[in-house]
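Below are two complexes that have chain A in common, paired first with chain B and then with chain C.
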Partner chain A sequence: MNDLSPSRQPVPPHPANAARIGIGGPVGSGKTALIEALLPVFQRRGISVAVVTNDLVTAEDAERLRRSGIIDPARVLAVEAGACPHTVIREDPTLNILAADELDARFPGLELVIIESGGDNLASTFSLDLVDWWIFVIDVAGGGDIPRKRGPGVLQCDLLVVNKVDLAPHVGVDLDAMLEEARAVRGGSPLLATACRAGINIEAVADAICAAVLIRR
Partner chain B sequence: MDASALLLALRFGDTAFPSGGFAFSQGLEGLGAVSGARPDTDAIAGFLTEQVRHRWGSAERVTLVQCHRGDGDLDAIAALDHDLDLSSFSEPLRLGARRNGAALLATHLRLGTPGAAAYRARVADGAAPGTLAAVQGLLWRASGLDEASAALLAGYQLVTGGLTAATRLGLIGALGAQQAMPALLATVAAVCAEPVASDAEPVGFSPFSDIAAARQARLPLRLFSN
Partner chain C sequence: MTAPAGLQSDEDVLVSTLVGSRLDHDLGHRLHHMEHDGTVETVRLETRDMTRRRLRVVTDRGTPCLIALPRSEQLFDGAILLLDAHRAIVVRALEQAWLRLRPASLPDALQLGYAAGNLHWKVRFDGGDVEVALEAPRQAYLDRVRDLIADGRVTIVETGA
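And then the complex of A and B:
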């Protein structure tokens, strides 16, 4: 059964709200890998985190995080997107709002809820009804011309993450040119280059999140 | 129906009104697993007709109408809400109804609809299940939608939700869905023409839907919440 079935534990009617951030981006760009890399950083910093995944057809990402050992499995909720990954983060984010509300209620003192969008295309953007701030993850292996295509996700996100920089030499991408172009199309809005598997620049992403939504830290 | 009631029903019935409904197939996603074949338009229409007549019409609709008549009396509405929840045999459909209701409440809470905050607190405390039908009755009454329109709207959403789910599952096209629509809406109208007695009990019996929903819950790949 669905793990979002209403809980039977009593929950306070007016939970204090944790900050909510979104992580969107194309299929396989490294959204879950980024979350896996961020969780230990937040743990070291003493920040209480929970995750909502929007897997497309299975609870694959939610299960992967639950089994990872880097987060209490109860802090990971999966929301089914009814084959509409765009809708569930933008036009009708109600189920994600509900999931974040549920996490707020279940974990007093929760500070940050990370909502991972299902893998989608460059047009996906988060509703500000759902999140306070959001990241869009693209990757080098998806092609050096991705920034030039000026997808709404690439342009509108609060932080653009260009992941898998370790792969640039193997996929014929000129990384400096790609980052330069990304900076240009974003008019100078924040951008970070990462290699999530190797742990490169993850601290910088965590710093950006903390500065944006956890300013007290 | 006067202009304001029509506009209100259009507003709440539009997918632009966020209520999370698009993520539920009410068992339709499990239909193929039950029948052993890819469901065609007739199979989908038959499935939805059974739900409209034998589950929604005789159970959810009864609760919705009675909760609407409850006119904001939260104790009465919670009792009706419990009755419907207890009468729902299928676990995926029962839990789906609660989650659907919670989603609709979450939206109305943020819109400031009278009664939404107080009822959500009851649901959060475990004092009410918050089934979709009960929540619709409460919130649509509080929003000024009349009883008849409220029932028709809920029936319309059941049909259109099922057909859009079928479309997203690739079982029918959007035009095929519209071709199936008139007969299904006629069924909704016929069911809604049956009066709801003040002491009526919700009595749904739709074993085929229940089995489909049970199969859906066990599918290795699922697009929908139920």
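And then the complex of A and C:
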């Protein structure tokens, strides 16, 4: 339809910029694996996504995502966090904010920017100046007692993801007890158990992100 | 910002910019009249949630809203999310809860101050006391300084507020 008054067409309302979510958690818990699993889900749902990765002194995770073929490489930016991965997501998130601003400018209509924190310890948390909502990823192989340690990341995140549930029988972890304890220390705040490599419960994580910060479609 | 006619009730009101403040003279005046007509809805928010730019909320009348502000804007107590002929939506901040701690001596104050900084607590000072903004259950904070409290080097001052 080549209407001369396109403004009469009801334009779906749109926010000025993309939602920003954080994904933090200890080294190797599966943060990048979760992003790799989520990207195809968002693509199927027609949601426009970009990613910012934080590594210590390299762009390892960014390169991995760019090579993956599941996202346009231009939609992945790397921020080098230096020796202190939590500083760039909490005390001084300037570099990450600039990276996300850059993605907003580069891709009109961008709906979601996912910021992966460099692997850190259980104390790392995101500043709400940087992200609107954030996930903390721990994994079963890191030990069933992690929730009990009451790390600020585990307690304060908007969604706790307990990943690598497929490994529970191999590492002698009672998964039900671990999840029960995690629920208890979080006072009932949301929690999901996943196996990112096998694709288990990824849709549920995507649903939680959509419900928290994205326009309903 | 006007809700288009035929807006389904289960559809979010999209708030992509703030209309203004209820303290603004003209806006406040309008709201006052609308309050009489019962068309002002309220969103109650925790202090922590006020720092978010994106947030899905439900008003006291059950209207779902997706707040999606530009990064340059920030929510505040009294922020007006929507104002049209039929309806207004206003933010109310829930009062921040504080935990007031009193060190017994200067060395104890040093230790308490160190703990607060190390744990990234949000604090304010009043006289010789430290007040900690509670963003998690109170016990979670007390647990972190339990030795200082057990030894009587720090005491909890009940504020009643």
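In this text, the second predicted complex is superposed on the first by the 200 of 217 C-alpha atoms of A that agree within 3 Å, B and C clash if a C-alpha of one lies under 4 Å from a C-alpha of the other, contacts with A are read in each partner's own complex, and residues count from 1 in each chain.
Note that in this section contacts are C-beta pairs under 8 Å (C-beta built on N, C-alpha and C of every residue); 3 or more make two chains touch, one makes a residue touch a chain.
None of the values given here were measured: they were computed from a predicted structure.
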item: Partner chain(s) touched by A:Ala206 [first = chain B, second = chain C, both, neither]; value: neither
item: Touched partner set for A:Ala105, first chain B, second chain C, both or neither; value: first
item: Contacts of A:Ile114 with chain B and chain C, given as first, second, both or neither; value: neither
item: Touching partner for A:Ile215 - first (chain B), second (chain C), both, neither; value: second
item: Touching partner for A:Ala37 - first (chain B), second (chain C), both, neither; value: neither
item: Which of chain B and chain C A:Val137 touches, first, second, both or neither; value: neither
item: Which of chain B and chain C A:Val162 touches, first, second, both or neither; value: neither
item: Partner chain(s) touched by A:Val76 [first = chain B, second = chain C, both, neither]; value: neither
item: Chain C-contacting residues of chain A that also contact chain B; value: 10, 13, 97, 101, 129
item: Touch list for chain C against partner chain A, complex; value: 4, 11-12, 14, 16-17, 48, 51-56, 66, 68-71, 119-120, 135-137, 140, 143
item: Interfacial residue positions of chain B with respect to chain A in the complex; value: 15-16, 18-25, 91-92, 95-96, 98-99, 102-104, 106-107, 110, 117, 120-121, 123-126, 129-130, 165, 168-169, 217, 220-226
item: Of chain A, residues touching chain B in the complex; value: 1-2, 4-6, 8-13, 56-58, 79-84, 87-88, 91-95, 97-98, 101, 105, 129
item: Chain C contact footprint on chain A (complex, rising order); value: 10, 13-17, 19-20, 90, 97, 101, 125, 128-129, 132-133, 150, 152, 155-156, 187, 211-213, 215-216
